[in-house]
Amino acid sequence: MDELDIDAVAELELDDPVLVEGLPGVGHVGKLAVDHLLEELEGESTLVRRVYSREFPPQVTVEDGVSELTCAEIYAVSPPEGRDLLLLTGDHQAQTNDGHYVLTSAFLDIAEEFGASEAFALGGIPTGELIDEYAVVGAMTAESMREDLEEAGVEFREDEPAGGIVGVSGLLLGLGARREFEVACLMGETSGYLVDPKSARAVLEVLEAVLEIDLDYETLDERAEEMEDVIGKIQEMEQQQQMDVPTDDDLRYIG
Amino acid sequence: MDELDIDAVAELELDDPVLVEGLPGVGHVGKLAVDHLLEELEGESTLVRRVYSREFPPQVTVEDGVSELTCAEIYAVSPPEGRDLLLLTGDHQAQTNDGHYVLTSAFLDIAEEFGASEAFALGGIPTGELIDEYAVVGAMTAESMREDLEEAGVEFREDEPAGGIVGVSGLLLGLGARREFEVACLMGETSGYLVDPKSARAVLEVLEAVLEIDLDYETLDERAEEMEDVIGKIQEMEQQQQMDVPTDDDLRYIG
Amino acid sequence: MDELDIDAVAELELDDPVLVEGLPGVGHVGKLAVDHLLEELEGESTLVRRVYSREFPPQVTVEDGVSELTCAEIYAVSPPEGRDLLLLTGDHQAQTNDGHYVLTSAFLDIAEEFGASEAFALGGIPTGELIDEYAVVGAMTAESMREDLEEAGVEFREDEPAGGIVGVSGLLLGLGARREFEVACLMGETSGYLVDPKSARAVLEVLEAVLEIDLDYETLDERAEEMEDVIGKIQEMEQQQQMDVPTDDDLRYIG
Amino acid sequence: MDELDIDAVAELELDDPVLVEGLPGVGHVGKLAVDHLLEELEGESTLVRRVYSREFPPQVTVEDGVSELTCAEIYAVSPPEGRDLLLLTGDHQAQTNDGHYVLTSAFLDIAEEFGASEAFALGGIPTGELIDEYAVVGAMTAESMREDLEEAGVEFREDEPAGGIVGVSGLLLGLGARREFEVACLMGETSGYLVDPKSARAVLEVLEAVLEIDLDYETLDERAEEMEDVIGKIQEMEQQQQMDVPTDDDLRYIG
C-alpha cells in the first residue's frame, strides 16, 4: 500500500464537469449536502474512483458484518439537464497536516483527468448559537466569480471565516488556484454543535442556482425534522435542569 | 535500519495455510488467544519470520538481563490434523496511523509468500461491563463467508462494532480484501478493563470449529482463575470503600 | 504538491543583500517589525518568491471573500541609501520539528541565490511581566559580530534565552552558521502575553543602526497606542473584579 | 539539510574502541557520567564527529550570545592505560519514535567506522524514592557477557526494567545486537525526580572495573553535594508546609 492507492472503478466521458466536495466537517454540512445530491441523482451517477490512502485512519467500517476499508469516493453524474458533476464524498478527513495536501492534490488530479476546471467545496461555518435564517458564506479563488455567486445568494463577508478555511475544503481553494481551477467554498451557517440538515439545504439551494439543477428536499427535510426533535428534547432537559438547580439568589441564603 | 527489516529465520513449505493474527488490543484477547495457540502447538511450530520496523516503539524488552528488540513474530504450524497455520504475535502495535498500513502490508506479503489466502484477525470488543456469556462478534471481507462463520458460533450484528475496527486487525480486513484474501475478524466480548482469558477462550472455540483443530484450555483457564481472584479483590476493595465513605446524608449534617 | 513548492515571482539583481526574517512568534515582535519594514519601504520593494509547503498548515486565509493559500513571502528591497534587503514574512511557522528544518533550508537557499551571506532573525523574548524599557537581547553565529551589535544597542546576556532559540529564528542561526552565513537574532523584550508593537520598534531601532537605514515609526506607534488602550481596559477590568470579589477576610465570616 | 548531516571533525586510528553513550534521560545519569568521563579524560580526547539531524529539536543553544545548533558529539579517547573509547554525548534525544531508530543507526555506523564492536549505554532507572545505596541494574545483548558484568558489580534482575528500555539506550542494545555488537546498558538507580550525580558515580564505578580505567570523582562529588543542599532545602520546605497546613483533625472543627 503506497501513500495513495486509487482504484479506477469506471471510465466515463464527461463534458466540462464541476467537482463538488463534501467530506466530513463542521455540522457535517458538506457531507450531508453531497450525500443528498448522490441520493437525488442516483439514477444518473456512476462510481468512478475510490481513493485509498495511508493518510486516512487505519480503519474499516463494518455494516451487517461486512467490512469496507476507509476511502474517499468520486461519482460521475451526467444529469439530463444542467452541468456534468464529479461528486466527492467519504467518511474521513486526512489525519495529518501533510495528508490534507496529499489527498487534495489527488482529488484535483482526478478532477483534471475528467476534464474539470471548476470546483465547489461544501461545508459549514460555526456561529456558536442556534440559527433561524441559514446564510451561506462564500470564499472564492478569483474576484471574477463574485457576481455569479452573489446572484445565487452567497454572502461574502470582510472578516469571515476569521481563521481561514482548513482541511480539504481550504486546500481545494488553495491548491486549486495554483492549477488554474476556479473554486468556490460554500459554507452554510450552523451552530457547530449538531449535524445540521437545514444548513446543508441552504448550501444546496445555492448550488441549484449556480449549476442550474433541480433538487427535491424531501429526505433532507425529514432528517432536519428528526434533528428538530433531538434539539427539542435537549432544550426540555436543559429547562428541567434549570428548575432543579438552585439559583444564585437561593445560594445567597445558604449558610 | 529501514522502515521494515524482516529476518527470514526459517523456510518451510506450507499447504494453503491460514494467517491468524493476535497483536495486543482490547482486553489483550487476540494476543492471549494466539499465544495460547502457540503454547498448545509448540511441538509443531517453527519461528519463520521476525518483522522489525521503525514503526514499532524504539524499545527493547529485558528478560533476566537479556535484551530483545521489539518485533512481531510469525510462526508456521503444521498440525497432524487440520489446516496449516501462520501465527502472528508480538508485543506492540504500530505507533502511527501510517505505521499500521506499513506493518499490515508486510504481514500480508509474508502470508502470501507462504501461500496463504485466508486470515483471521483475533481481538476483543469492549462492552463496558463485566460479562457472563462471552459472545464472539464477527466481521468479514465477503458475504460468502457468513454461513460457515455463523455455524461456528460467530454473531454478526447490524451496528457493531459501532466505530469500525482500527489497527492491524482492521487493516487485515481492509487491505486483505484488496488482495483477494478472505479475512474474518473474530472479536470476543470483554469488559475492556482487564486482560480477559475467558474472552480469548471464546474466540479460540470459534477458531477450533472453523479450522477443525482441537485445543486444550487448561493453562488458559488457570489464567482466567487468576484474573477472577484479581477481580474479586477489586470488588471487595470497592465495597469496603463504599462503607468508609460518608454518604450524601452524612455530609448534609457537616457544618 | 511537493514538500516545497517555490514560485519565482520576479528576478532581481541585488548587491550583497541581508536577509531579515519576521515570522510569527512571541508577541508577534518579529512579524510586526518586518511588516513595518515592508510598509515603510513599499515603494522600493518587490515580491520575488512565494514559498508553499506541506509543512505549513493546510489552510487558506480569506480576505473579503478571496482565498489565499498559506505561504511565506520574500521581498527584495533596494533602498536609495543603505544595504539591499531580503524581507521574509508570513502568517505561519512550520507545523512539525522536521518542517522547521525544511523551511529554514529553503529560505537560506533563496537568500544564497540572491547573493546574501548575512541574516537577521527578528523575534521577541518573553519576560512574563509588563515592560517599560524595551531591551533587545541578541544571539549571533560568531564572536566577531559582537562589537558592531553591541554598538547598535544589542545586549548579550550570559544565560539568555535560557531555553535556547527554537523554530525558524533558531535554525537561521544554526543552519546559517553551517553555510558560513553571519546571522544575528534580535529579540525584543516583551511580556509575552500580547502583540507588542513597542518591542518591535525597539528591535527595528537596532536594525536601523546596524543597516544604516532610516525608518519612520508613525504607523507602528499608532498600533502601540491601540494596544495601550487594550491593556488599560484589561487593567481596569481586573481592578473592578478585585473590588467585586470577596476577600479572604470576607469569606471568613460566611457560614 | 538532510535527515542526517554528519561533520567529520577529525580522523583518528583507534584500537578496538568501546562506544559509551550518555544522552539525556532519567536523572540525567547517563549524560552526567559521560560528561564526567570527558572532563576527566580531557587531555586525551578529541572531538571526531558532530551529528546533526532533522530528528533533533529545531533549536540552538546560546552561550554568552553565541549560538550552537543542537547536535550529538562523539569524542575519541586514547588513554595511556585501558581501552580506547568513543564517548557519545549531547543535549537532546530524538523527538519521534522513528528518529530514535535513525539516530541510533547513525551512532552505530560511526562506531563501526572507528572499529568498535562493543558499546555501553549509560542511564538511570527510576525507583520513585530517595536512595541510599545506589545499585547498578544491567541489560545486555548476550548471555556470555553476564559473568564479567556481575563481577564489576552489575545486578541483573528478573523483571527489571519492567517496561523495557526505550530511546537511544534501548536501541543501542536492540539494533547493536542485530549488527553483532556486544552491548550492555548500565542503569544507576535514582529517584527519578532530580539530576543525580551519585547515581552517575555508581555507574562510572562499574565502568571503571569493566574497562580497567581509573577515575577521580572530585568534581562529580561536588555536584552531588550541591544536589544534597537542594534536596535538604526541599525537605525543609515540605516540613514547614506540613506544620502550616491544618490537619484532618483541625478541619473537623471548622464550621
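Per-chain numbering from 1; labels A, B, C and D assigned in written order.
The criterion applied here is as follows: contacts are C-beta pairs under 8 Å (C-beta built on N, C-alpha and C of every residue); 3 or more make two chains touch, one makes a residue touch a chain.
Per UniProt, the chains are A, B, C, D = Proteasome assembly chaperone family protein.
This structure is a prediction, so every number in the text was calculated from the model and none was measured.
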Task = Give the label of the chain whose average Cα location is farthest from that of chain A.
result = D
Query = Same or different for chain A and chain B, when you check if over half of the residue numbers at their contact belong to both copies?
reply = different
Geometric centre distance via CA averages, chain C-chain B, whole Å = 52
Ask   = Between chain C and chain D, what is the gap in Å from one C-alpha centre to the other?
value = 37
Request  = List, in ascending order, every residue of chain D touching at least 2 other chains.
outcome  = 255
Category of the chain touch graph - line, ring, star, complete, other = ring
Remark   = Pairwise touch list, complete, is A-B, A-C, B-D, C-D
Ask   = Quick one: in the complex, what on chain A touches chain C?
value = 94, 97-98, 100-102, 104-105, 138-143, 146, 156-158, 160-161, 164-168, 170-171, 173-175, 177-178, 183, 185, 255
Task = Would you tell me which residues of chain C are touching chain A in their complex?
result = 1, 5, 52, 54-70, 95-96, 254-255
